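Next up: some structures, all given as C-alpha cells.
What follows is chain A paired twice: with chain B in the first complex and chain C in the second.
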Partner chain A sequence: MIKAADSAADLVHGAGGDDHGAARSVVRVRVLRQDVAGGESYWERFEVSYEPNMNVISVLQKIAAQARSQDGRKVAPVAWDCNCLEEVCGSCTMLINGRTRMACSALVDRLQAESGDEIELRPMSKFPVVRDLVVDRRRLFRGLEKVKAWVPVEGSYDLGPGPRISPEEQEDAYPLSECMSCGCCLEACPQYTKVEAVRRDDESEADFEKRRKSAFDTGFVGAHAISQAVLFNAHPTGRMIADERMEALTRQGGIQMCGNAQNCVAVCPKRIPLTRSIARAGRAATVWALKKLFDR
Partner chain B sequence: MSESSPSFLERHQFVIYRLFSLSGLIPVGAFLAVHLLTNASILAGDDGRTFQSRVDMIHSLGPLLVPVEWAFIFLPMLFHAAVGFVIIANGLPNVGSYAYVGNVRYTLQRATGMIAFAFIVWHIMQLHWLGKPFGGGKFDPHQAASTAATALQPTLTSILYTIGILSTVFHFSNGLWTLGITWGLWTSPAAMRRANVVSIVVGLGLAAAGLGALGGFRSLDVSKAREAEVWTEKQKRALSVPGGAVAPSPIPASTH
Partner chain C sequence: MAQPRVLVVGGGLAGLAATMRLAELGVNVDLVSLVPVKRSHSVCAQGGINSVNALTRQQGDSEWKHLDDTVYGGDFLQHQPPVKEMADWGPKIIDLMDRLGVPFNRTSEGFRDQRRFGGTLYKRTAFAGATTGQQLLYALDEQVRRWEVEGKVKKWEFWDFLGPVLDEAGRCCGAVCQDLVTMQFKAFAADAVVLATGGNGLIYGRSTMSMVCTGSAVSRAYQAGACYGNGEFIQVHPTAIPGADKLRLMSESARGEGGRVWVPRKPQDQRDPRSIPEAERSYFLEERYPKYGNLVPRDIATREIFDICTTDGLSVEKDRLCVYLDLTHIPKETLDRKLGGILEIYEKFQGVDPRVTPMKIFPAVHYSMGGLWVDYQKSASGGLLEGSLRNQQTSLPGLYAIGECDYQYHGANRLGANSLLSCIFSGLFVAPTLANVCGASAKAAGDHTRLFDAEIRRHEERHRELLARTAGDENPYTLHQELGNLMTRVATVVRRNDQLTHAYDEVCRMAERWKRCAVSDTGNWTNQNVVFTKALGDMFPIAKLILKGALLRDECRGAHFKPAFSMPGLTATDPEGKRSEAEQWCDAFEANTRKWLKSTIATCGPNGDPEISYQDIDTSLIPPRPRLYGLVGGDAIEEAWKDRAAKAAGQAAGKGQPAGAGA
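Showing the complex of A and B:
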C-alpha cells in the first residue's frame, strides 16, 4: 500500500515537471479578496511553503495558518468554502487560473505546470460574493426548486413500493444523479448571468426573499436544473409531476435561454452529459408545447 | 428589481424564442439557400441568360411579389433580428476564459448575426427597389445580370460582400445545428456530431454558391450580358408576353 502511494506521488511529481525547480520551495498565490458582501474587491498575494501533492485547499489552509500576505503584513485569513475534499460535495468551486473548478481536486503541481509560478484564485463570478472566495449560491438551489428536482413521495399513508426501474434506465439515469450542485456549469455558461439582489433598508426579510426569488426566476435556470428535471422526469415516480417540471422549464428563464455554447458539459467535474439532457429537455419541451396547443 | 409585471416578451419567452429559432430555418434560411443558388446560376457561362430566366421566374409573381417578400422574407427576418438582438444583449460571451469549440461557435454565431444584419440592410438598400429613395436600388430585374454585375464591380463592395456572405452562411449553417438541439432533433453527442457534419457540408455548399456567384458577377462581361438582355427583351416583346413570363421593360430595347 505504501509503495503504491509512493509511486502515485512520483507520478504527480512527474506531471509537475522538473523545470519548475525554482518554484519548488514556495507556492505563490494571488487571491481576489472582498471583505464584505457588496464591498470592493482587491488583490492580495500570498506565499506558502511547498509540499508535495498539495491542492488548492491545502494552500488555503496554509494561508489561513500564517495569516500574512506576501509582503509580511498581518491580514485576515482568506475565507473559502469546502467540505468533502474528494470532489463529491460541490462546495469548493472557485475560479482557479481563470477557470471554474473544484479547489480540492486542483493539484498545485499541475497548476504550476500549466500556467507557471503564481496561482490565481477568484470567487465565482456568477454569484454574489459573501466574503473572499465564498459566494452565495442560493440561485443555484432556487433553480432546482423551480423544476421540482425531487421524487414526490410526501403523503399521509404508505404508497407502497415504487415501480421497478430497468438496468438500462438506471444506467442512463446514474450519470445525471452524480450532480453535486457545484455550479461549474453555471459559472462557465455565457447565458447564465449574475443576478444580485440587495436588500433595501425599508424592506422586511420576507419581502426581500420574495423579490430575490422573482429576480432569480427572470434569469436562466441553468444546465444543472434542466438535467435534474430530465433525471426526475425519467424516474417512474418522479414522472408523476412531469408536467409541472415542463411548465417550469418553459417559463421565463427556462430551457429556451440555452445558447448551445456547450461550456457546461466541457467544465462539468462529474462529466455529466449535460448537453444531452438539454437536448432531451428541448425535445420534451417541443412535444409538451404542441400538446398544450392542441390537446386543450 | 422586477416588481413591475413581466413584459409580453417575458411572459411568452419560450414561444417567442422557439419561433425565433424556427424562423431562422423557415422562411429566412430557406430563402437564403434559394437566393444563393439562384445567384450561382450566373456561373452557367451564357452571359447571364440562365440567371435572367431565374429572375424572370421569380418576378412572374407580378404584383404579388411585394406581399410575398414582406410576409416570407422581410418580416420574418426583422423578427429574427429583433429577438436575436435581445438574446445577444442578455448573454455574456466568455470565450477568453473558455476557448472550447462550442463556445467559439456561440460567440461567432452572435458576431456573424450582427454582421449579417448590417450586411443584409446594406445589400437591400444597394440593390432592392426599396433602396431607390436612398440612391440605391441598382438591381433591375429586366437587366438582371448586367445591373448586378455593375453594382458588384468596386473592390471594396466585393470585400464587404465576401465578409457578408460568409457571415450569413456561417450563421445559417451553425444555426441549423443548434436548431436541431433546441428542438430536440439530435440529442446524443454522437448524433450532434453527425448533424454537425451535415451542417458543415450545407455551409460549405452555400458558401461555394454565394462566393461563386460573387465571382461570377465580377467576371461577367457586362456589355455581352447587356446584349443578351436586349435580345431576351426583344424576344419577349415579339412573343407579346407569354403566360407566366415577365412584362416587357418600359425602357426601349435600343438604348444600348
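Showing the complex of A and C:
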C-alpha cells in the first residue's frame, strides 16, 4: 500500500559520493585551446569548485557556467563533445593528463592522485581539431565503411530468425561488438597519423568529400576497424562477404601497417581484445593472400 | 520531377529503423542528428527488448497478453490499436535484429535467451548482455551506413533542427536546420519530415538521459503548432546511481536476474550491509507485492523506494536518500555474463564492486511517456492499417513523429524493455506511410524556394539576436539548474496541486528571465553556448505543459501520483464489510475512469502557455480494469470487479467474455 510522502527533494540526489577527498576545495585545470579549425593553439587555466566524486565532465560544465579563466578574465566556454556520460556513446574522448580516455569516466579524485594538483586537458592529436577539445572523427567512421562492418542482409522483411549461434560464439563476438568508436585505440597507435584535408576554394563539396575519403583511405585503418572486420567475418551471415573485407584489409592502409606496438589494447576503455583481433585478421590475411595467389 | 525525399531528424533506434526501411523502399533520406548517429541516446538502453517468443508461448503467452500487460501496466491511457500492432510485430522485429547480427545472449542450444522484466510474469525479454540498446543501435547504424555508401542516405551529423517549414496550406514541406560547426543555416526540402528526437529529461536537470535529450526539436514542432499528448506522464526509473553530472541508470535487468531491493530495518544501520542478518533486513517490495516481487511496474517500485526513504525514514544513508540493490547472492560468473556492462558502470563511477557489495540506488527521471500527439488508422482486425498516411502523423500534416518523442505506446507508465520495441516498431512501420506520402505529394509539390529563404532569415534573425545578448544578468547554465531542481521537486514521484500551481508561476518567471540570459560566446564557430541557450529557451513551453497537465489531472494514474486523489485500499476485515467496501471502490473507480481516462492534449498558446483539452481513448480491445498490484484488499476488489465484468458480458448478447476481467 502506498502512502503519501513528502517530497523531501533536498535530500533527493544531493551531491552524491563518498567522503574521501572532501578537504580539497578547488580543482585546477589547464586546457589546450584552439578557436577555429587550423588556428593557433594556446593554454588557458581554469579553477572550479571541488565536489566529491566529480568527473572531468562536471569540471567542464562548471567552466562553461562560469566562463572565466583562472585569472578572472571573461573567456568563451571550452568546447567539448559529450553525450551519454556513462561511457557507452564514445563521444568525450580527450587527452587527460596526457592519456587518451573518456572524460565521463575520468574521476577527479583519481586524476589528482596520479598527477598532483593540476589536471591537463588536450584534444586528441590524431584528428583535426574543430575547436578546443572537439575533434573531427569522420575518418574513424570511414574506416567502418571501408571494411564493410555490417551483416549483408537481403532487406528488412520478415525472413525468420538469424542463424543459431553457440554461447561460446556469442561470448566471443559480444566484446568486439561493444566498440563505441571512441578512437582511443587510434590516438594511442604510432602507425595512425593525422590526415587533415582542407577544402580548396575552387572545389565543390562533392569533389572535396571524394578527395577527403581517398585521403583517409591512404592512412592506416586502425585497430577498431580491423576488430570490426574480425567480428563480422565470424558471423555466419557476415562472413559471406569475408573476402571483400580481406581485400579492404590488405589494401593500402590495411593490416600490414600495424607495427604491433599494442598500445591500442592498453588504452581501450571497453577492454576489447584488439590485439587478438589483429592477430586473427593477420592470419586470415595471410591465408587469403595465398588463396588469391593460387586462384589466379 | 525531383526524387522522393524524406527528412529524418534524430538517429537513434527509431530514426535509423525508419531510414533503413525508407532507403529500402527507394526513398532518399536526409538524416539530421545532433551527434554522430552511433552516439545517440539509444545506446544507454540496457536491459532488453520484449516480445512473445517460442518459450513463453508454450507457457500460455501470446501477442494479446503482451498487449494486455502493456495497457494494464500503462493504466489504460494509450489507444489500443497501435499497441496491438506493436505487440504483433514483436517477434518479427526480434528476428530481424537477430539477422542483422545483434549478439543476443544464447541458450546452451544456441537459441536466443530471454529474461523477465517488470510488469509481466513471462520471460519475454531478449537481451545482449546489459547493453542491448547499444547493440540494437549499432546493428541499425551499420545497415544505414550501407545505404549511405549506396548513396540513398545522406547524413548531416552535428546539425540542429530549428523548426518545420509549413507551406500556405499548413503542410510541412521541410525544415530549417543549423550546422553546429560552421553555424550555417540550411533549409531541407522534403516530401515529409519525421521527428525521432527522443525524450526531454534535461528539463529535469539531471536524469538518466543523455545530454542531447533537451526536447528542443519537439518543442520547436510544438511551438509551430503540433499538439503534445500526455506531457505530465514522466517515468521515474526506480534504480539509478546518483551523480553530480548525471543520474546513471541501473537497469531493471539487475532485478530481472534476481537482484533484491532492501533496507536495514534499523534506520541508517551503520554496519557493513553484508553483515546485517536476513531478519534485520526489509525486502519491502517482496513483502508488499508477493506476486511480482522486485519486478512490479516501474511507477510502483519508484514510489515504494521513495516512500520507504521519506515516510518511513529507512534510507540507507542519512544525508542522501538511497536503498540497497543487492546482487551479491548471484554467482559472479552469471553476473559478468548477463549484466557485465552495467556492473562496470557502477564500479567505474562509484569505485565499489557490486558483485561483492550491495549497490546504493535511488529513483531518477528516465523516460517521457508523453510526446507529440500522433494519429493512426485502425484496421479491421483491431491493429493498424499499414501504409496509411495517418499513421504516426502529428497534427501538422506532413510532419511525423516516432520513438520516444511520440506519445502513443506507453500510456501512463512504460513497461521495461518495451521502449526499444516501440522505437524500432514505429520506425519500421512509418516507412511505408512516408513512401506513400512521397507518392502523393509528388503530384502536389510546388516551388518553396521563397518560403525557405524567409524561414532561414527568421532563424538567422533569432540567432543574431541571441548572440547580441552579452549584457544580460542571467546565466543559462544556472537557470537550467534552477529549472531542473524545481521540476524534480514538484513533478516527479509525488505531485501536489499547491506546489504545481506555484511551480507553474515560477517557470513563467524563469521563461521571462531566460530573455535576459547573456551568452558568453559570441562567435560563429562551434558555439555550444548559444546552442544550449537556445535549447534552454525551448524547455519552458514543455515544462509548462508538464506542470499544467499534472495540475489539472486530479487523479492517480501510472506515473502520475497525487496523494490527495489516491484511492486507498480496503480497511474492513470481515467478508461482508470487505465486499461492500470493494463495491464502493469499484463505483469510485468507474466514476474516475469516466472522468479521467482521456489523453491530455496540449496546444501551444501565446507566450508558450499551453491550452489543455482531452481526448477519449480507444479501449475497444481490452476494457479498462482496476490496476491492483499489491493493494490492500485487492483480492476482494478483483472479485467484485470480475462479477461486474461478467454481468456486463452477459448483457452483451452473443458476445464472449471480454478479455479484461482476468489478469
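Methods note: the second predicted complex is superposed on the first by the 266 of 296 C-alpha atoms of A that agree within 3 Å, B and C clash if a C-alpha of one lies under 4 Å from a C-alpha of the other, contacts with A are read in each partner's own complex, and residues count from 1 in each chain.
Assume a contact is a pair of C-beta atoms (placed from the backbone, for glycine too) under 8 Å apart; a residue touches a chain by one contact, two chains touch by 3 or more.
All values reported here derive from a predicted model rather than from experimental measurement.
*Asks:* Regarding the shared-chain residue A:T286, is it in contact with chain B (first), chain C (second), both, or neither?
*Replies:* A:T286 sits against chain B, while chain C stays out of touch.
*Asks:* With both complexes overlaid on chain A, does A:T218 touch chain B (first), chain C (second), both or neither?
*Replies:* first
*Asks:* Have a look at where A:M180 lands relative to chain B and chain C in the superposition and call it first, second, both or neither.
*Replies:* second
*Asks:* May I ask you to decide whether A:V135 touches chain B, chain C, both, or neither, giving the answer as first, second, both or neither?
*Replies:* Touch status of A:V135: no partner.
*Asks:* First (chain B), second (chain C), both or neither: which does A:A67 touch?
*Replies:* After superposition on chain A, A:A67 lies in contact with chain C alone.
*Asks:* Return the chain, chain B or chain C, that is in touch with more residues of chain A.
*Replies:* Looking at chain B versus chain C, the one contacting more residues of chain A is C.
*Asks:* Residues on chain A in contact with chain B in one complex and with chain C in the other?
*Replies:* Chain A residues touching both partners: none found.
*Asks:* For a test of understanding, state which residues of chain A touch chain B in their complex under the given definition.
*Replies:* 98-99, 188, 190-191, 193, 197, 211, 214-215, 218, 250-263, 266-267, 273, 275-276, 278-286, 289
*Asks:* Within their complex, state which residues of chain C touch chain A.
*Replies:* The touching residues are 20-21, 24, 35-36, 38-41, 43-44, 92, 94-96, 98-101, 103-112, 128-129, 131, 134-135, 138-139, 142-143, 145-146, 148-149, 181, 206, 210-212, 241-249, 288, 300, 303-304, 306-307, 309-311, 315, 319-321, 337, 341, 345, 348-351, 362, 364, 428, 475, 477-478, 485, 488-490, 492-494, 496, 499, 520-523, 525-526, 528-529, 532, 561, 563-564, 566, 568-569, 630-632.
*Asks:* Quick check on the complex: what are the chain A residues that touch chain C?
*Replies:* 1-9, 11-18, 35-37, 51, 53-55, 57-58, 61, 64-65, 67, 74-77, 79, 81-91, 104-105, 107, 130-132, 134, 137, 141, 144-145, 148-153, 155-156, 158-162, 164-167, 169-171, 173-174, 177-178, 180-181, 232, 235, 237-238
*Asks:* Under the touch definition given earlier, write down the residues of chain B that touch chain A in their complex.
*Replies:* Listed in rising order, the residues of chain B that touch chain A are 1-3, 6, 10-11, 13-15, 17-18, 87, 90-94, 97-98, 100, 102-103, 105-107, 109, 177-178, 181-189, 192.
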